[in-house]
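Note that the chains take the letters A, B and C in the order they are written out, and that residue 1 is the start of every chain.
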Amino acid sequence: MHFLIHRLASMFLVLFVIITATFLLMHAIPGGPFTTEKNLPEAIQKNMEERYHLNDPLWKQYADYLAHVASGDLGPSFKYENRSVNDLIRESFPVSAELGVIAIFWAICLGIPAGIIAAVYHNRWPDYIAMFLTTIGISVPGFILAALLIFVFALQLGWLPAALWEGPSSTVLPALALTGLPTAFIARLTRSGMLEVLNQDYIRTVRAKGLSQYTILTRHALKNALIPVVTYLGPLIAGILTGSFVIETIFAIPGLGRHFVTSIYNRDYTVILGITIFYSALLVTLNLLVDIVYALLDPRIKLNEGKDD
Amino acid sequence: MHITPSAFHRTPFPQEPLSTASATGTSYWQDAWRRLQNNKLAIAGLIFILLITLAAIAGPHFSGYSYADQNLPEANQPPSSMHWFGTDNLGRDLMTRVLYGARISLSIGIAASLINLTVGVLYGGIAGYAGGRIDNIMMRIVDILYGIPLLLYVILLMVVLGPGLLNIFLALGLVYWLGMARIVRGQILTIKKQEYVLAARLTGASSARILLRHLIPNSIGPILITTTLAIPEAIFTEAFLSFIGLGVSAPMASWGVLASEGVVSLRSYPFQLLYPALAISITMLSFNFLGDGLRDSLDPRMRK
Amino acid sequence: MNWKNILFSIFLIAITGSLLTGCLTAQKSSKNALRYSAGAEPQTLDPRKSTGLPEANIEAQIFEGLTTIGPNGQPLPAVAEYWTISADGLHYKFFLRKNARWSNGDPVIAKDFEYAWKSALNPKLASEYAYQLYYLKNGEAYNKGFTDETQVGVNALDAHTLEIDLEQPTAYFLSLLAFHTYYPVHLQTVQNNDLWATEPKTLVGNGPFKITNWIHNSKIEFSQNDFYWDIDKVKIKSLEFILTESSAAELAMFENKQIDVGENIPVSEYPRLLDAGVLKINPFLGTYFFCFNTTKPPLDNPKVRKALSLAINREELIQHVTKGGQKPALAWVPYGLADAAGTADFRLVGGSYLQDNDIATARRLLAEAGYPEGQGLPVIALLYNTNEMHKAIAEAVQEMWKKNLGISVNLTNQEWKVFLNSRHKGDYQIARHGWIGDYADPMTFIDMFMSDSGNNDAQYKNPEYDRLVKAAKSASDPRLRMQIMHAAEQLLFDDAVLAPVYFYTRPLLIRPSIKGVLHSVLGVIYFKEAYIEQ
């Protein structure tokens, strides 16, 4: 319990540092929300800055922002007239999250079994096939995979829509494009973890005791082999749930990832900060969960150690 | 657990020796190299990497074109005896451009793996081994670096430093070790409580020695896998950095840039995507075979 | 807890999650609608505040100004049935048609226009495009807070008569009135609701269509506005605008029959689409050029600038790189603008100021400037914003200058807003530039290079040029006005302030069966009279 309170406190500190650093960075880079190709007359520039309080000193903008955030209000968007950042996240997060959940589901359900099979048949053909496919998965990035998927399944075969977010059929291709890399990576991590564990003394012992292959795999080996997979899943889930800019752009999906990158190009200050906060909160929470899962997988890991060294 | 006679059945005696004690006489690294040589796929991977490195250094001198030589009327020509990989949108020889691109992309891949293997492994190793408050502080710093949007750093770096290969390394160096640090730390949390570590500690081994001699070698599997993933990721991140303006100046182009330009014209000129993508994939396949071979030969428990 | 339980619960969450959310966030598509890919999510649909073309294109379907732009770019009566103009060109009186109605059935009255324009100029509204209304008498003064709104030169005399006073005689004012900043807004709705333009329900318009649904970052659905005065001409029952900024997605959707019209497609696909007969090349009022920073050596020497400009092979560039049927630009003001004579084109009257690919002259000028064969010339930096097309053009031009003049050029690309910042501040040597006209008159191009112009990125300062532009602005004789603008353009090329490359076109991806879509030279698309041929 002490551990949890401690971690929660440090999570708030982490969020605070992220907000501050992001705030400073985005004001440090050239261009503001109202930098446009056609330079604005000074009077108009002034009117707009006044309206959005951009002419206040930076420290005051920062303090005002923090006060707003503390009350749960992420502020109005600078770019999208009369829309709040809260609304923006509320509308687009479910879309990204849906895609993300499907992608993570497939990554786990395909990646872990593939890794186990490869490890069990180490240096035999199932292993080679699995490793060949996963290497392709790692070296072909999402945007190329997406283009190929669209070309084959939408344009050539006509089975699925090429883009847009209209009904379950439109989730298939973007989810596949998203899931390629994590599936491959999870499979490789599982395989390596399994190989290591399968060669350890205690597994040899249980094997010598005559436990069946299945029991060895599930009860003893997989548990320890999963530690790196779980580590990887923390940031992966946070990243995938909040959406991929590339995939959402290619498939014209109204998700959060597209908003985030667009907001940086637009210098839409409140949106940048709002989504950063949202993503970071998700990330630190998931990383906390990862640490807890460690302890569940391997009782030797103690979370609130430190005083014993 | 209920023990019944049916839980017992005869198993053949394991072929491998039960002990993991290392053989005396040969050092860990000599041993590893001997075992790597027996792994055909790993050696094939190594040879291919050496070949493509050689081609990247020497190849452009023999292709008869430079990466910048344009011939507008010859633009977008499919592969032919004149241009083995075809030409790009300005009529430049694609093969020469792929070979030049190898220089950039390979050096980025190598830089990324070095960053991972040094900064990432040590950072994660120290956090995991130290545990407690130090671990908490170190991992919260990682969280912070994860949280701050990469795009913002990159734009700032571009504005302050301008384009160039060195600045790409710097941008990668800032964040490219985070995943590795987390993986290594998680791994070390599990192994540091194992008997042999306690034994080593009892014999009076220093923390640094335990970390470098026992803990990190025993995490070699996830380390190598994360490294082999980091290479393609860095190659494509470079394409994104080029987009922001931090990359190598045109007309020089990396594999990542060539591939992302090729995607755009996929429908009309598929070969413009095919060759850079093939170069990347085969190189990655080689790196992975080599990585797997290294894993098998470096893992202290895999010694046979 | 057993690992199996953990895995099982993850599995359960994933399954239920993907099933549940699948029903939650996916949207239904309506069949039989004409679908157009409209670019990025609009920033606002309040015509008083919007600035971009994607917004203008949406507003053009749901609003209508006093005039509208006809097929040949000429202003036609729209909400105004007819008008009178005073002899000095300063006073206009517009008579609104009695049957013009808002989408809620209310009549469109002169007061709606007066309110829209005055509130757009109100400094509190902080409209980015308020300067589009600076033509009105005291428009600028009111926007800057020097006077109050009663002084602004627009007044509703009665429900259907609108009186307008201008600051200066403005020959192109009737075309300006078709621009979105001059659209009316429904006074009762807008006055009491700041959020009116965010909800389809309160987004009351007076155009041929009305918005029925707006899914942010995804699509906007339209149906006919039954109260529209000219509804007989509107044939399309429903219209959908797809919001995406990806050219690849747009093309894929077109080829997959998910959209019918689009205008942002990868250049590499132009030849194939032209062959297939689905790409229509429409004129567009804009010039693509390289802007010289006239204060940075060696580009402070007009001879060097001129040499660079002459050594570009525009024909080859257009044929092999841009491929969009553009015209080589050998002057500043593009085709498509009327000269004084009425029907004559400003560009045809003015002719060309340089010769394409004139390498001999270029080399001579470079030698005269003290850099024979490019010797002694330091490496020049060329700046462009990241984009496939800009990059290809920059690379091609870099090679031309190297081959033709022996000059080394370094290419630098920057992210859009960083780039804009560098260019505005003059923090560059040569920069890629493109200028799209705001209104159909040469002045939208000519006044850009005045010393105090906010868009004079070339940092060009020539009192003679300023004098000419001011004279043109106050000239009331159209013939004289055009003459002065030709003289100003001549001066621009004597000083070689820019290297024009091509006059833009706007390729439109459209199914051959779709007819009646109007695409103005300013890039605005009108679906009012569109129909599908069976």
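Just so we're on the same page, a residue touches a chain if its C-beta (ideal position, glycine included) is under 8 Å from a C-beta of that chain, and two chains touch if they have at least 3 such contacts.
What you see is a predicted model, and the numbers here were worked out from it, not measured in a lab.
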Sort the chain contact graph into one of these: line, ring, star, complete or other. complete
Contact-richer chain pair [B-C vs A-C]: A-C
Which one of the chains is closest to the middle, using the mean of its C-alpha atoms? A
Centroid of subunit A to centroid of subunit B, CA atoms only: how many Å? 20
Distance between chain centroids, defined by C-alpha means - subunit B, subunit C (Å): 46
For subunit A versus subunit C, what separation do you get between their C-alpha means, in angstrom? 37
Which residues belonging to subunit A are in contact with no fewer than two other chains? 29-30, 147, 155
Can you list the residues of subunit C that touch 2 or more other chains? 248, 415, 418
At which residue positions does subunit B touch at least two other chains? 155, 159, 263, 267
Quick one: in the complex, what on subunit A touches subunit B? 6-7, 10, 13-15, 17-18, 21-22, 25-26, 28-30, 131-132, 135-136, 138-141, 143-144, 147-148, 151, 155, 185, 188-189, 192-193, 195-196, 199-201, 204, 207-208, 210-211, 224, 227-228, 230-232, 234-235, 260-261, 264, 272, 276, 279-280, 283-284, 287, 290, 294, 298, 300-301, 305-307, 309
Hey, which residues of subunit B end up touching subunit C in the complex? 68, 70, 72-73, 75-76, 89-91, 155, 158-159, 162-163, 242-245, 249-251, 261, 263-265, 267-269
Touching residues on subunit C, where the partner in the complex is subunit B: 247-248, 251, 266, 268-269, 271-272, 316-317, 319-321, 386, 388, 391-392, 394-396, 398-399, 410-415, 418
Inside the complex, what are the residues of subunit A that reach subunit C? 29-32, 34-44, 47-48, 50-51, 79-83, 88, 91-92, 94-95, 97-98, 101-102, 104-105, 108-109, 112, 147, 150, 154-155, 158, 161-168, 170-171, 218, 222-223, 226, 249-255, 258-259, 262, 265-267, 293, 296-297
Can you list the residues on subunit B that touch subunit A in the complex? 7-11, 14, 16, 18, 20, 130-133, 135-136, 139-140, 143-144, 146-149, 151-153, 155-156, 159, 178-179, 182-183, 185-187, 189-190, 193-194, 221-222, 224-225, 228-229, 232, 236, 259-260, 263, 266-267, 273, 277, 280-281, 283-285, 288, 292, 295, 299, 301-302
